[in-house]
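Each chain gets a letter, A, B, C and D, in the order it is written, and its residues are counted from 1.
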């Protein structure tokens, strides 16, 4: 049994880790820290876990994190980078669900997250936690910076088109028009995500620039082996879970003869958590609700030169905690799908 | 034109007052105070008001509230009682949408609102702002404590049965099972009313005791002229606006021969804002969305001894700001319906 | 492996059976019938099942239902009673999720379901599928009429108070004010349950009389061993899944000294799927979303003579398909909880 | 008073016309037809109209439509074209909210609406009902084909960029990623728009081709005076009302020096129903809920060569019935804004 610690168990990615690990079978939750709620049973805050998770929140001091095999950081940005070094030195693997170890360039981190990076020496070692791209590196890693929710969907949607320096699509006119459920904003008390504000309402945000932009561009460029730039426009949708990314890519003359449906199907044939839908499909977010699966459809309207790629994922699972468990499985030699066979909840 | 000041314009009852007064025709908004947002145009915070409300938030000091004819308090509990005396002395009428002037007994206020009442000398003078019960007193009043959202619906639903000491129903076994949209909790940053918490979810709350209980019992007892006790169980519903109260009343032997449909229709025949639905109806909250109307249906299942009374209102209009405008109209000799002829928004 | 047939797989109870059986481990889906969709893969209609359920819809004629060990009817009322006899004669067990075998009195069935009962000779044999009440009878049964969604929640909420002829509460003034998510109305094309009709809206319905009333009264009377009558008022709530029943019971003088919290805890101590919440709790529907658990809280406001019992369940799981799998487990000697260990999905 | 007839009053555009005309002041509803509901009071079907609209549904035969000044068709496609000739000949003006008179090419109509156009001789005369583009022609018209909901938002968003043959943006790479509330699908009993299907869910649809594509391209080309092609991808959003269009336009070298904010502000300065938001804004759909206003923001991320234009409208008001009343006002010489001064309902 993998001994697991969770730092920050009161947010949505924390409770989602608990949901998935409760039914995992190969991992045991040793500690869930929350300075504010220390002493309270986790299941008292989240009654959905009654009878399934018996642990109580503990202070970071009480929690024997160094005795764990792996520690997940389900915390605000900036927490993991302060503790990662000590844990790694103690032989504990670290999986950060926040942004501390996503961006390779500390200047970019500082620009977008408005704080100095306090642990730059680990940035090179940190592996970007997108299993479909970095599976081997993840298996060997001690420290993972998990992919963000939007970036996961966008990178999966463009992976078959950009990998290996292929010249199928233009790489400087890409657009990702993304729509997220409100849980993506986290379990923080804020006016903008109140039910009476975000309900029955739709809006774009972050059009001028969003933190996930540099992450997406870094990831796509790494996949492509050359610079890729994408315009990213996120929108807030009145639903709880789910991301729907609508990606627009212009086909290059070299790409016109490609069978894109086949390209996608071939690329993801061996991937347990990426489902290429039949040609002509429009995947719904609810078709992955609660599960670690991303579903992708690729369209070429009017057989023209624009590809429209539709990607759905559950932002809290494939976009966060489920993918983190997938990564943990890889790091500890467990079956990649262990604990992640939840059938999506529909309706 | 009635010169209007609004203290606390950043919450839902504040913006709702602005929506209604923008189209009123007989009132002019002189000042909207918010210490925190002073200087910002109201329509910048609430773009729905662009082109309709040109005023900016001001500090209480800048705002010439004493130059107004009436000041609405759309504030947290405790604010109005600190300022009412000074305004009244300056000849300004005061309409408080919070609870400061609802309960006649300061001990009850302190018990339920966890603060001492700082203005007990005005409690006797204050008129309870439920026009259908206190119309004449409101016309003559300087100071109004507006009825709460739940209490409005429950009192209207029981008014024909209890008025004038009638002995139609038992007065010690009354139950009001009430359901409110999330806007009833206000525009405060709180975890419990986040979209991802309150959405797709239903729960009771305050079963042990809710602030509106003493208000309801005080109001019903005043209507009846004798003590009335009611068990009040509120529930949170995943919708933005609307209250649905399902009220259960046991018919006394003396009441068995009553034509309750006729009783309700007769009682509310002259009321512009209470609509008795045809026999057998189940009113929907959306049928009053955005309007000052309460719709009521009275059922007697199986012709037995239990009455089931259904009441719907928009908690922000008839349950708060619309009713406050209705009261203002009465206080200033305007037509009671002025500015309140909005047709409900359906769907 | 139990060989399972499902008649009527295109509705919500059908797809929910498929979700649960896909992860069951002790049952194999042999056939899912739908005359209209015959030939289509189940996962084409419900992409949430892609990769998990490989079967296609078949016509009733093609489906070898007589070769199954058990057949679930997830059909409109009236279908199961036409086919049950033939299946039972072939040695197949039958679990009907509709109402055909719920009511013992065929005249009551005809009154409420507007059709003659065509299989009255099986009504005596049929066991009412509420495991917490009829566990032993279910184990021995060939034919089950599953409890309805509302009746399940109401009966569980009153079970500890009424069992064994106890005289703790009045049995002629009971009230159940119930609120259901919209999936309770089924996956039928109807105007009233469109998103734009049922969204952001709340209403009562069936106040004059609802089909679940006779079922509830029959069930409670059987539990109590004497006639029990309850006023049942259902409401439609803008959420997808979930039932919240608020039950009001007047305490008899004999019951005043009872420790109701303990009574409930003791009664359900051994029940895997009934969770008595700590005193003072208000369970949320989302705390059981997707799971077979009902959570119950019992309140006695002001220590008076009225009990307020709060019950939440997922109407499609404990209120329908999950409970049907629970019953199947009992009928085939499997662990009662097999396939039903889904952790609720929150948020 | 303009005498108004409405053909098809049971759908959302019909009831929305009734809501707006109830408070119009310059129009009187003479007849609302519905063969199916003839004899029923309109307010019985839509209790939101109780006390405001007293008319009953009538059959087309009973309704004296030829005695009206104007008849609105709030019907499925194909109805208006069968009746328009006769009404026009009787001197009645016709405003069709469906698609019968939108497309100038009957072959296109037949292709997208799967029916032959039975009234092609009126296609030339019919004026496209988008007041901001065709105001003068509308004033003089007898027959209007109202703009569709999506096309209204897309054309308004691109109007300042394309008018008068300007060469500011590329006209062959335009993309409109549009999101609509569920009421856009109408008040028809269909599985796909049930609350339990469309709620808490997001999906694209019609990616292969949508009826509004030829309308958008026809409209933009007319505005531009040269062919314009746009890729249109609609999405279904779990909200009741509202359209949010995110439009992507590549700036030509000739356009790089343009002050786009000013261009938009200048173009719409005199338009009562188009509100250009301050630079940097992201308009919300709720900011126009219930009102005839479209709000637009124009962004140029990173000061690059891609314009991102955000447009919000209420699909049932500016996208349908409100705009139709606006057009009626123009046709009858009334103030363009009469009856359309509803303040948006927020929250």
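Keep in mind that, in the parts below, a residue touches a chain if its C-beta (ideal position, glycine included) is under 8 Å from a C-beta of that chain, and two chains touch if they have at least 3 such contacts.
Since the structure is predicted, the reported quantities are computational estimates derived from the model, not experimental observations.
Undergrad: Does C-D or A-D have the larger number of C-beta pairs in contact?
TA: Answer to which pair has more contacts is A-D.
Undergrad: Among the chains, which one keeps its Cα centre farthest from the Cα centre of subunit A?
TA: B
Undergrad: Give, as an integer number of Å, the spacing between the C-alpha centres of subunit D and subunit B.
TA: 37
Undergrad: Where the CA atoms of subunit C average out and where those of subunit D average out, how many Å apart are those spots?
TA: Whole-Å distance between the two chain centres: 45.
Undergrad: Quick one: report the Å distance separating subunit A from subunit D, using the average Cα coordinate of each chain.
TA: About 39 Å, centre to centre.
Undergrad: Going through subunit A residue by residue, note those that touch at least 2 other chains and give them in order.
TA: Within subunit A, the residues that touch at least two other chains are 12, 181, 183, 187, 196-197, 199-200, 238-241, 283-284, 286, 289, 347.
Undergrad: Which residues, counting only subunit B, touch subunit A once they are in their complex?
TA: Spelled out, the residues of subunit B in touch with subunit A are 12, 181-183, 185, 187-191, 193-200, 238-240.
Undergrad: Can you list the subunit A residues touching subunit D in their complex?
TA: Touching subunit D from subunit A are residues 173, 175, 177, 179, 181, 196-197, 199-205, 207-209, 231, 233, 235, 237-242, 244, 246, 248, 250, 280, 282-286, 289, 299, 301-302, 304, 306, 308, 310, 312, 347.
Undergrad: Applying the document's contact rule, which stretches of subunit C touch subunit A when the two form their complex?
TA: Going by the criterion above, the answer is residues 12, 15, 19, 22-23, 46-52, 183, 187, 199-200, 240-241, 275, 277, 281, 283-284, 286-291, 293, 295, 316, 341-347.
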